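Letters are used for the chains, namely A, B, C and D, taken in the order the chains are written, and counting of residues starts over at 1 for each.
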Amino acid sequence: MRLPDKTTRLEEAVAHIRDGATIMVGGFGVPGTPFTLIRELVRQGQTGLTVIKNDANEQDMGIDHLLVSGQVRKLISTHIGLNRRAIELLNAGRIEVEFCAQGILAERIHAGGAGLKAIVTDIGLATELTAGKPRVEIDGEAAVIETALRADVALVHADRSDVFGNLGYAAVARNFNPMMAMAADRVIAEAETVLPLGGLAPDAVHTPGPFVDHVVGLEALSEEYQVVRR
Amino acid sequence: MVARAAGEIAPGLVVNLGIGLPTRVVDHLSSDFPVCLHSENGLAGIGPSVPFEAADRNLIDAGGSYVSTIPGSAFFDSSTSFALVRSGRLDLTMLGAFEVAETGDLANWKIPGKFSPGVGGGIELAQKALRVVVLSTHTDRQGNPKLVKTCTLPLTARGCVNRIITDMAVIDVTPQGFALRELADGVGVREVEEATGAPLTVPDGDIPVY
Amino acid sequence: MVARAAGEIAPGLVVNLGIGLPTRVVDHLSSDFPVCLHSENGLAGIGPSVPFEAADRNLIDAGGSYVSTIPGSAFFDSSTSFALVRSGRLDLTMLGAFEVAETGDLANWKIPGKFSPGVGGGIELAQKALRVVVLSTHTDRQGNPKLVKTCTLPLTARGCVNRIITDMAVIDVTPQGFALRELADGVGVREVEEATGAPLTVPDGDIPVY
Amino acid sequence: MRLPDKTTRLEEAVAHIRDGATIMVGGFGVPGTPFTLIRELVRQGQTGLTVIKNDANEQDMGIDHLLVSGQVRKLISTHIGLNRRAIELLNAGRIEVEFCAQGILAERIHAGGAGLKAIVTDIGLATELTAGKPRVEIDGEAAVIETALRADVALVHADRSDVFGNLGYAAVARNFNPMMAMAADRVIAEAETVLPLGGLAPDAVHTPGPFVDHVVGLEALSEEYQVVRR
């Protein structure tokens, strides 16, 4: 038995995204955002996308490019406060934004990756974020049903990958990437280093290879990946 | 029959081989064959079995056999392991059966009156693997057919079985019920029909033999 | 006020310091103080902040500041990070506020009419930390009280606030409403009462000053 | 800032378990079973326990000792077929056994550790395992609500731990341990090696220290931990 090689060219991997697709994009701020995959998606120009991402990056970075190019119909996110342009587009009615509590977004994606239908939680019961969502009682206490989230394609950023798609993340660049890498019909991982089979110790793997469809090696890291001076 | 079952494993698949007969399918794959074997106790990329003397106490498969890793293997927890099963990442599982109905219903975990020790991960494998192949004798020890119109035993999952490979034949579950695909060497169509508890669609012309 | 807030952190706790004023509480802890600081983007055991020149591009806190690790730090994903928050493993969080009601209701994420950029992890921190301390000016920029009988702004969580530390006083939320505990240096009881939008229980005798 | 030391003596750690407690016990077969913590629990003799564990180990191993000693009132498990004595005790009505599909047990514990109320799944809809559990429709499809599981105390086995309780597991000894180590009010980890702070790389931690209350170093590994000849 030998594990297959999933290394794929950038253009080819991203070409699997269709107009109207729902895509998950890893990252929390800069760390873990797959800037190279996003740039290629901007270049290819698929439209009508629903994007699930923790935040909207900052202006001129990451998914802001997708917002500017008009490729995004809807954004499911937890906080877009660092991107003034995203706020303007939302206010102008040019994108729809659905907000979700951050950890509940993580668990809805986990549930999607785990093949569950939904989770039940009391988070946000006092807030408008749960308005209109179905309620249920668990042990006599009120709770809300939050449906699982899945995507057609997930774009994740890894520090390291072997050719089978076993992934390792660096520091807090992990964030939403592991859950997203389990919750999409097609998972595309960009990796700063691509290792041969056996290059990652089996107990040091953060995302197991069977969840990953394409490994795209990064030849250079653009300015977007670097330390941001504020 | 086990060798025939190995033919179900196309290159590049993620495969879970159930306890018992299915486990032995791996002996019929070449060491260079591109496949990722999954064990529900937390391993993707199962390597060859290991004898007692060379065993790692922390490296068993879900059936309790000592196994090894191969380059690219990964360990993970039970949540992740079944996430893989339930979310459509398990291309194929091979399971045993007490009964398979012509609708693809599977009963393989409990016989009422007899004690059942629990289903383990069997429901999830049967219900969620993208393809379910049953590997079983064609009849039980009393000679009763295991392929039936309707399961009488408690179900594991509904409509989940795609193909049954037995000591007599390869039979697919189709919208029209059971369809004969192949015959074991030396077995005739009439024999298979008599050993099957539901109507069997038999193709025109030559039937492949394994 | 920020120094006083640091006094809330007992040895051995797991603590999340919200964005803004609360983040600065860490400057008032000694480098040997036994505490585990948590950042919701996936870090337990936050070390000192790091200047731009020495920053690791993959090592920020949830507010976007470059930070460091200490011996025993751990990285984890966002699911695990909020599991810690929601399952009772976060002993204390310090948050900002627009309004705190005498029932402990907190509003700190949205002002209707103004745009809100989303709540991030704020609901979960407020609703599930074992102890919630609000760190805030006593009144808003227009001089209106932030401590009120009932919140008029959209709630973050109900009945979650245990204590409010302001530039004027330390006030606890009790079953009887707001209770004055300490006064900022140079501030009188009458001043605090006038700047508070709900009844305030004032203790007999000397009130500690910070 | 410095992280606290949670190393605890075996007797003291296990003494936190009360009569009538619900306990989770890690392990899938031999790997990952905290044999030493279990032996101490047998020695201390707390009774009326509800035990949540994937399997019942084998005769004369692991939680079988707890079954024999009559300390267990109820077992929540996925499969007890390798322990003939557990089957006899069940048949004799001396213990109650609640069976759960294996991955759903894992997710119910994950949900408990994640502070959720329940999960919603279609697993087992055709089986008696979901009989009597509340049903709900998600996107027009039938599903069952499976409540989250938490315990008073979790007993887990780690290969390595630092004194703060950051844990690392060996190979398939991981199994249920990471979920259980998040889903109990008090978590007791036995570890084959106890390292000083900094002994585990931050991105090699399988269970983060904030979830763990007590670290018990193992001085020797008993026969139960070894390779089983079958």
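One rule holds in what follows: contacts are C-beta pairs under 8 Å (C-beta built on N, C-alpha and C of every residue); 3 or more make two chains touch, one makes a residue touch a chain.
Model, not experiment: these values are computed from the prediction.
Peer 1: Based on mean C-alpha positions, I'd like to know which chain lies farthest from chain B.
Peer 2: In terms of C-alpha centroids, the chain at the greatest distance from chain B is C.
Peer 1: Given the two chain pairs A-C and C-D, which is bridged by the higher number of C-beta pairs in contact?
Peer 2: By number of C-beta pairs in contact, A-C is the larger.
Peer 1: Using mean CA coordinates as chain centres, what's the gap between chain A and chain C in Å?
Peer 2: Spacing between the chain centres: roughly 29 Å.
Peer 1: Provide the C-alpha centroid distance between chain A and chain D, rounded to the nearest whole angstrom.
Peer 2: Roughly 31 Å separates the two chain centres.
Peer 1: Please report how many Å separate the Cα centroid of chain B from that of chain C, as a whole number.
Peer 2: 56
Peer 1: Could you put a whole-Å number on the gap between the CA centroids of chain C and chain D?
Peer 2: 35
Peer 1: Among the residues of chain C, pick out those that touch two or more other chains and give their numbers.
Peer 2: Residues 43, 75-76, 79, 82-83, 85-86, 128 of chain C touch two or more partner chains.
Peer 1: When you check chain D against every other chain, which residues touch at least two of them?
Peer 2: Residue numbers touching two or more other chains: 103, 107, 110, 114-116, 121-122, 169-171, 174, 202-203, 206.
Peer 1: Among the chains present, which pairs are found to touch?
Peer 2: Going through each pair of chains, those in contact are A-B, A-C, A-D, B-D, C-D.
Peer 1: Which residues of chain B touch chain D in the complex?
Peer 2: 39-43, 52, 55-60, 62, 64, 66, 75-79, 81-83, 85-86, 105, 115, 117-124, 127-128, 154-158
Peer 1: Can you list the chain D residues touching chain B in their complex?
Peer 2: Contact set of chain D toward chain B: 28-32, 54, 77-82, 87, 90-91, 97, 99, 101-107, 109-110, 121-129, 159, 169-179, 206, 225-230.
Peer 1: Write out the stretch or stretches of chain D touching chain C in their complex.
Peer 2: Listed in rising order, the residues of chain D that touch chain C are 1-4, 112-116, 162-164, 166, 182-183, 185, 196-198, 200, 202-203, 205, 208-211.
Peer 1: Taking the complex as given, what residues does chain B use to touch chain A?
Peer 2: Per the touch definition, chain B meets chain A at residues 11-12, 14, 26, 29, 31-38, 43-47, 69-76, 79-80, 82-90, 128.
Peer 1: Using the touch rule from the top, collect the residues of chain D that touch chain A in their complex.
Peer 2: Where chain D meets chain A, its residues are 103, 107, 110-111, 114-122, 134, 136, 138-139, 141, 143, 145, 147, 168-171, 174, 202-204, 206.
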